[in-house]
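Here the chain labels run A, B, C and D in written order, and each chain numbers its own residues starting at 1.
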Amino acid sequence: MIVDILFYITALVAIISGLLVITGKSPVTSALSLVLNFFCIAFIYLMLEAQFLAIIQVIVYAGAIMVLFLFVIMLLNLQDDMTLFERFDLKKGFAVLLTGLFLLEIAYIFSLDSVSIAPKGVTGASFPELGTVESIGKYLFSDFVYPFEMISVVLLSAVVGAVVIAKKKVD
Amino acid sequence: MNQHIDAIVALSAILFSMGVLGVLTRKNAITIFMSVELMLNSVNLALVAFSRLHNDITGQMLVIFVMAIAAAEVAVGLAIVISIFRNRQTADVTEINLLRW
Amino acid sequence: MPIDLNLLLRDTLSVAPVLIVLLSAIVLMMMSASKVQSKMLPWVAGSGYLISFLALTFVTVPSASAFSGMVNTGSFAVVGGIMILVLAFLHSMISANLLQKDGIYLGEFYALQAFAITGMLMMVSANDLIMVFIGIETMSIPFYAMAGLKRKDVRSNESAMKYFLIGAFAAGFLLYGIALIYGATGTTNLTRIADYLASQTPGAFFWVGIGLMLTGFFFKVSAVPFHFWAPDVYQGAPTVSSAFLATGGKMATFMTLALVSMKLFPVPSAKWAAVVAVVAALSMIIGNVTALAQTNVKRILGYSSVAHAGYLLLALLSQTTDGYQALAYYVFVYGITTFAAFAVVGYLEKDGNPVTLDSLKGLGFSHRTEGVILTIAVISLMGIPPMGGFVGKYLVFLNAYESGHLGLVILGVVTSMVSVGYYLRIILSLYTRPESTEVIANPAGAFALTGLILAAVIILVSGIYPPVFTGWITSLW
Amino acid sequence: MKLELFGHLVLTVCIFGSLFLFVAYAVYFERKVAAKMQNRVGPDRVGWYGLLQPFADILKLLLKEEIIATQATKLIHTLAPGISVIMAFITFAMIPIAEGFYIADINIGMLYMMAVTSIGVYGVTLAGWSSNSKYSLLGSMRASAQMISYELSMGLAVVGIILITQSMSVVSIVDSQTDNPFLWNIIKQPLGFLIFWIATFAEANRLPFDLPESEQELVGGFHTEYSSMRFALFFFAEYTHLIVASSILTTLYLGGYQIPYSSVWLAGANEWLVAGLQILMFILKMCLFVFLFMWVRWTLPRFKYNHLMELGWKYLLPLGLINVVVTAGWLLIYDKLF
């Protein structure tokens, strides 16, 4: 019961902060709302017994990525942006319409069949160890070792790319 | 929590469409970029919910990979924003109009 | 949990081509960081691609799955990998000259390119949606950087920014699609999803997932209505980069799209075909018609790439092995052709001024070799007989016709005729006097010229005696 | 020793309360140490040997007029010091101060610590930004860049410990070090200790890495525009960081509350007595680190910013990687041999 209430409150906060991200006037407001949103999502991960992901969400997204965002916003001293409903033009109206249609479609599908009746992968029984560090580590280095190692290529190339583009002087 | 899987997937759909809306309507490159991050996070949420639903680790693995890739994207993206700012003093995509947006 | 070393060794060997390119990327990165012998870089890159090519042709075990079903070394991995590596090799031959001309003194270009190729090879050897996603990102992230490599040039900056935002947006769609497919089927492994589809009828979630994933792919291959970025990016990026991201990116993404289609739907799916048919029709019409109004040559090539995305999608309609092989043939020829066209445009550029139809005037007389190669490439893009483009288009149309899409074939033929309108203008201005002086007289170096001529030879041979390549594709499949 | 819910609550209050007290006296301690090093007397007016000085300081700061710059972003300006203090405080929840005396033990305790540390950056960053002043902004940008950079080396140093302990629970990290001082992590992981220790200077904004608030260049750095109570909170957060950093160093590398050879000479003693001794031991070790921090502060000059970044990226990060590789390799060989 208490979990239900907590979940709905978190979901509500997540939606409100998400709205703030896309409507906030200043980029800093957006960034901070996004941080709040990330915390809500981390909390839902915790509820889903994915502890490792929850903590990684906080470390990586809230602790590193968003700090980087804030850093760049401050570095560039970005000014306030036009908000969503100021100067509402045709393009924006079209975007809102499109998104609304997408949401309606998802809602329609939900009315057709709920996700929960989808077939179970292994068993219907609860499997709480799924999200622990141990099980993540075990699978990361057995079944998923190739993608895991290849992720390092993405990171390496991103580092090279970022340095090449943002370096001030080429010597 | 398994009874909430539906609700979580619905939440992820809502957050995803918010992200799409943000990308389509905002003008500041950084805000657009943050909307993309919102999209990726909604995907992660759905993946974790599905992983719990199926009792299968694949979803959570993919979430880890998505996080790493998001971090990589942020590095390159912010570098691009900085390089463009150095030449143009703006991050507003509507002012970036040498090549018609 | 003990590690089975034999299995690990076998798995590692089966992805050896990927690892060789990755190794050469790291070596290139180190070399460019230590700033020794920057003249060596293209040689190192080229030999890396060559060794990987040899490994792919001779070492790889045919059609084995590795790394617990993450990787499949069969048909697509070999054919796709070879065509990507051929292109990469040609590109490494011309790039030194072009980089110098664009004033980019960054050895990291080669490292980024090798990283992107690692990603492409990962994509075409994927057997799991996770690998597809990681491969696409490994390819895209270096591409964003390559587009913005001319750091002082505002257009290059903007093209990088636009490419990046669109790419990240597309990745969001792709990923949400993958998530929904995972939710509906409980797995991301392509083989197991196919097994699931064989035993049960998927729900609406599955199809929404497929739709979103296709949207992501359509963004990446610049198919209408997700095409608007392509001309801008190809125009703004340094030509040496556009020559690669417009061709290699397309080759790898199309091969991956075909791979996903082949693995998921061994039994042709009408829903998939319907979506692809609509997008293909739109791309053919809008790409060709918009191109008519352009004067910038790189922009024309950009719209031509949108139009060609349409033709290439036609090959996906039949969902048979013949169709995929036709796609492979066409995308290979298209990639080499567009590469040659971009490279020539790159050589004709002067101080980063755009190459327009006017500024091309008379160059066919003063720069014979370049003029002839551009002419060959453009004729091939039109799809006129002695060139490879014709055979490719013919195979694709034939395949679409046999699978009962007569209307689309007629549309394809009509739009091809429309396309002659703008392609011909390029050739006409090449051979019109008086000569323009807006573009440079600085011709390609001998080494680069060899690369260009090789590309032209491939185009000609694939047009005059297609069995060389068709036989090669079918034998490796 | 299993504590019931009520006992747990009391323990929590006690731990945080004494942390509060320690922080207050850390300020006093710092001033005394500084005075000794500079051949001065230090605070000696308020109370016996100036022992009531911290309370006088707090009172003074509380009674001062609160000034908020007109151009400041009010809400964030108000919240920022709170974030700093809270994040500094809740790290302590994972630290066991005696056997069985801890607020929480979760199996990802180390990750929790890293997470809280990484969130702590927000307090400083937002404070600088919301003040809408150039000096503050520069300070906060320095802080965010510096903290992100050094977090990496810190994390890598911790990986070494996690590899040895094979657990991320802080309690089991302390347990694994036993009461034999030669098995403490400082002996097993000397390089990791050095990296972690240097990184904590940057994370706690202490000299020689106190660039975010360097008075000579930035007036007051990120808290230039803060006064009264909110300034006090930042001040407080800084010293909390000091205490918490010392406690983490103690826990991870110096055996935590472990008393050397206690299983020999304390065998069979009353468990409350043992717990008391362990708490004392913990405080002693922690104070050692606190003193080291102060010693360094009053001895070394400030780094230049580029040197700071160079140290972090070019030296600590590769060293951290080497540490991880060597540790993992050693564990592998050890596994095979014995």
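The criterion applied here is as follows: contacts are C-beta pairs under 8 Å (C-beta built on N, C-alpha and C of every residue); 3 or more make two chains touch, one makes a residue touch a chain.
Just so it is clear, the structure is predicted and the values come from calculations on it, not from any experiment.
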Higher-contact pair (C-beta pairs counted), A-D versus A-B: A-B
Whole-Å separation of chain centres (CA-atom averages), chain C against chain D: 53
Interchain centroid distance [CA atoms averaged], chain A/chain C, Å: 30
Whole-Å gap separating chain A and chain B, where each centre is the average of the chain's CA atoms: 6
Residues within chain C bordering two or more other chains: 130, 134, 137, 141, 144-145, 148, 151, 160, 183, 186-187
Junction residues of chain B - those touching two or more other chains: 9, 19-20, 33, 49-50, 53-54, 56, 61, 65, 69, 72-73, 76, 79-81, 83
Residues of chain A whose C-beta touches two or more other chains: 52, 56, 64, 68, 75, 106, 115, 118, 120-121, 143-144, 147, 151, 154, 157-158, 161-163, 165
Chain-chain contacts as defined at top: A-B, A-C, A-D, B-C
Residues on chain C engaged by chain B in the complex (per definition of touch): 130, 133-134, 137, 141, 144-145, 148, 151-152, 154-155, 157-162, 164-165, 168-169, 171-172, 175-176, 178-180, 182-183, 186-188, 232-233, 235-236
Chain A residues touching chain B - in the complex, by the definition given at the top: 3-4, 7-8, 11, 14-15, 18-19, 21-22, 24, 27, 30-31, 34, 37-38, 41, 44-45, 47-50, 52-53, 56-57, 60-61, 64-65, 68-69, 72-73, 75-76, 78, 81-82, 84, 91-92, 95-96, 98-99, 102-103, 106-107, 110, 114-116, 118, 120-127, 130-131, 135-136, 139-140, 143-144, 147-148, 151, 154-155, 157-159, 161-163, 165-166
In the complex with chain D, residue positions of chain A that touch it: 28, 32, 35, 51-52, 55-56, 58-59, 62-64, 67-68, 70-71, 74-75, 132-133
Chain D to chain A touching residues, read off their complex: 73, 76, 106-108, 111-112, 114-115, 117-119, 121-122, 125-126, 128-129, 137, 140-141, 144-145, 147-148, 151, 168
Residue ranges of chain B touching chain A (in the complex, touch as defined): 1-11, 13-15, 17-22, 24-28, 30-31, 33-35, 37-38, 41, 44-45, 48-57, 60-61, 63-65, 67-76, 78-83, 85, 91-92
